[in-house]
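Okay, structure first, notes after.
Note that the chains take the letters A, B and C in the order they are written out, and that residue 1 is the start of every chain.
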Amino acid sequence: MLNLIVCVKQVPMVTELPWDEKRGTLRRDLAAGMMNPACKHALEAALQIKESRPAHITVITMGPPAAEEVLREALAMGADRGILIGDKLFAGSDTYATSFVLAQAIKKQCPDYDLILSGCYTSDSETAQVGPQLAEELDLPAAAYIEKIDITGRTLRVRRFVDNFRETLEMEFPALVTVAMENYQPRYTTLAGLERAFKEENIVSLSASSLGISFSTMDTHGSCTKVRKVFLRKAQKENIFLKGPAAIVVNEFLKNHEDKVSSAIGKDIKKEENDNG
Amino acid sequence: MNFNPCMKHKLIRNSVRHFAETELWPIAAEIDRAACFPVEVVGKMKNLNYFGLQAPAEFGGAGLDSISMAIAVEEISRVCAAVGLCVAVHNGVALYPLLKFGTKEQKERYLPRLASGEMIGAFSLTEANAGSDAGSVETTAVKNNNEYILNGTKIFVTNGGVCDFVLIFALTGHDYEHPQTSVFIVESGCRGFQRGEVEDLCGMRANPVSSLFLEDCHVPEANLLGKPGDGLKIGLVTLDNGRIGIAAQALGIAQGALETSVKYAKERQQFKKPIAAQQTIQNYIADMATEVAAARLLLYRACALKDTGASFSAEAAMAKLYCSRVAAKVTSLAVQIHGGYGYSKEYDVERYFRDAKVTEIYEGTSEIQRMVIARAVLSQLMF
Amino acid sequence: MGNQKSIWVFGDYRNYFQNRVTLQLISKACDLARRIDAEVCAVVIGHVVDEYIMEYTAHGADRILAVDHEILKNYSADTYLAVMENLVRERKPEIILIGATDFGREFAPRLAKRLKTGLSADCVGLDITDEGLLLQIAPSFGGNMLAEIVTPERRPQMATVRPGTFKEIPHNYERGALVERLPLITNLPGQRVRLVEYEKSAERQHTMENSSVIVCGGRGMGNRNNFKKLHELAKLLGGDVGATRPAVYAGWADHSALVGQAGRHIKPKILFSFGISGAIQHTAGVGEAKFIVAVNKNPQAAMMKMADVAIVADAGDVLNTFIKELKKRIRE
């Protein structure tokens, strides 16, 4: 039986981003959470593997207690077990620290894994770093942005499209992949699955101490980066409104913004004839 | 007493909302305009247990508690009330009475097919001369060996155009002066069963509401639900439950209208500021939000009571009365906030407005709900 | 020379002509180098790389570190990491900048982890703080927010930077640089990831993330035929077609064209938005479009308010007119 691990993250729903104007911070505590969309693709890839052969899926996440939600959702979609790593010590971890903690939990809770899958980026911090860094922590062969997975025996064959190259790569288990958004459209959650996910007692909670991680460990393995400030990107747009018949407004637009269009498309769009509006 | 939604309820809401916004939202306006039942999307809903909300897992259902059920109906209706209606009726007044009153054989025969959505259910009491007055149905069922022969015409049957399984209320005799009604499980393929044209209604247009004609319709005796003469009892219990579904539907419509209005009020500029900055609009929004919140609490209370096994008749009637009233009021204010645009089919509130009205009418009019509530209140010793 | 601070730029030369990110980074590195009194060093790993050594020199690098060996012919994270790690440990650069190409995004986090240092991703701005630290400005939430990040203690300070963020310095082939050709390390690890097949694709169906022109359509396109015309405009402009969720679910576009929170995060130079109301699920993916032209009948639509130019008209009419007009104007 294959042992699969999927790393997931709870991110704030973008529809609800309570912004604290005074402090210039995001009130994450007020924002409803959801499973990061890219992580859902990774979970879907694991579920499809499980549909084709005997497999066991462990979903692992690091976050506040409310992050249990994404684990339950993953169970509802068909995962078998959830691991929730939560500790004040880990709050505000960057990818360097996160990948360290995840690795410790994996070594402790499911050392006999064959394949680790993660999303290709998170919709909140957009770093796309935890997957590759986890591969480093666990010293695994890894491939990012994979679009297709084939397994023969203990050999993993993946396809991906990176920097205009279509590649087919092979590696042996255990390995790590980050899944691209191209394929593996996540399934909807069934209601029976959700009901079942709350009946089972298959979520393990791990704290720093249960992982043998202390304050001083985090001194060495903790975050290397520091976020000084987060701010809303201010759009400095003119926001010009054009009204009128299509022929007139289009010509007016092209006349006034010819340079913008030309430079974007790399072609000249100067008008030949007289301006006939 | 805990007023915070538990994690399960939150996830169920998110999950149904995600489905509804993804699959139903893009087509909701179109299927309303064309009065077209969205077979394809409903097919997807079947795979996700939306047609077996409270059916036990062993029959292929989701086995949800009543608040979860209400949340599911609410979230579908928030986006598309006509499909919410289909789900509410199927689960609330077709599957539920079978679960409650069906024999072991009847359950084995029909529950899995209903829970999977292979069969879509309907409930059929209303006739030309029998609406609120359930005792005056004129459809007859005459026993003939091990069959009943049904004759009559049913009207305004929700899901009528697509149902495969209908509970038909028919007169089976008289008990002294009192008409004796019974309930029959009728399959749409049954000889003598015919559907009428889909009604051209003001709202809920994507639901194929139709008449059903029974002409010497042969129904096996094994399809009698409960005992002969149980009609009234089954009807009352079923409608109690159905009211929770309709209340949830009304609440969903109100919620949808409220959210749309909030968004619009913040966007729409008049006098060089968003109309949300006008106190009048703020008052509207405050009232809408308050009433929607109150309606939700009333509904969930009825659901929680139902799950304890206690009688929830008055509580369900209160929830239905209030939620539907709030829906009608909130959608009307939503149109008001949208002004001329709200009266146009380009905006969803026009549809919400049309859809909301009928929630005050079907599954017992508001007048009937008040009757039920008053009877319960007046019969109590202390109040 | 020994204590000279150095800013390194990883020489990512794959797709050299389309992707000038390395040159852009060398240019920015020159800026930063002046502020902290450092040299700019480009690292080139591969086989037969003289062309790139010449280019990087011409575009402003002071020093080139080149490891040229047949075994390094193909891009491979395993081997490139080992070579790079070794170089960094030996020479201790102050800053390493890496282009946020697909390879760079896979390579940089692993390198940072090996070097036990921090990394910020996909930066859209770089600066030097008063304390002399590298200030890394990275986007989050689909570019709707920006974060200022520093790596206070660990070295090197590392950042990946999006292609197109900085302007390259015009080439000057008279320029000289100190070119060091270094031998391959002796303990190169085996490749655990085997490259079975690869081919360079002339174009990918959807390169929307890199596309400089995107034409997006939403529910306001009304029907499939109108939506189809977006492709005509996109073709004229050499861009891609994106879609909102309603358009995808109406079956007018592929899911892979979905732009927004659950789809693609695009950053074109110009975005044409037709019949899109601008639900946040969609706008979360377009925050980084440089110039937005929105067309909608409803002037109140959120998309219209975030546009540089908002055209209040029927999306279909305007689309047709654009196609007609541009056909006249664009001469190949």
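To be clear about the criterion, a contact is a pair of C-beta atoms (placed from the backbone, for glycine too) under 8 Å apart; a residue touches a chain by one contact, two chains touch by 3 or more.
None of these values were measured; they are calculated from a predicted model.
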{"item": "Most centrally placed chain, judged by C-alpha centres", "value": "A"}
{"item": "Chain whose mean Cα position lies farthest from chain A", "value": "B"}
{"item": "By count of C-beta pairs in contact, the leading pair of chains", "value": "A-C"}
{"item": "Intercentroid distance (Cα basis), chain C paired with chain A, Å", "value": "18"}
{"item": "Between chain C and chain B, distance of the C-alpha-averaged centres to the nearest whole Å", "value": "52"}
{"item": "Chain A and chain B, separation of their C-alpha mean positions in angstrom", "value": "39"}
{"item": "Residues of chain C touching at least two other chains", "value": "305"}
{"item": "Footprint of chain A on chain B - complex, ascending", "value": "7-8, 10-12, 14-16, 18-19, 44, 47-50, 52-53, 57, 61-64, 68, 72"}
{"item": "Contact set on chain B toward chain C in their complex", "value": "21-23, 25-27, 264, 267-269, 341, 346"}
{"item": "Residues of chain C defined as touching chain B within the complex", "value": "219, 245-247, 249-250, 297-298, 300-302, 305"}
{"item": "Residue numbers on chain C that touch chain A, as the complex places them", "value": "14-15, 18-19, 77-78, 101-103, 105-106, 108-110, 112-114, 116-122, 135-136, 138-154, 192-201, 204, 207, 212-213, 237-239, 255-256, 261-265, 268-270, 280-281, 284, 287, 291-293, 299, 304-314, 317-318, 320-322, 325-326, 328-331"}
{"item": "Chain C contact footprint on chain A (complex, rising order)", "value": "14-15, 17, 26, 37, 94-96, 99, 123-133, 135-137, 141-145, 157, 161-172, 181-182, 185, 223-233, 235, 237-247, 249-251, 253-254, 257, 260-261, 263-272"}
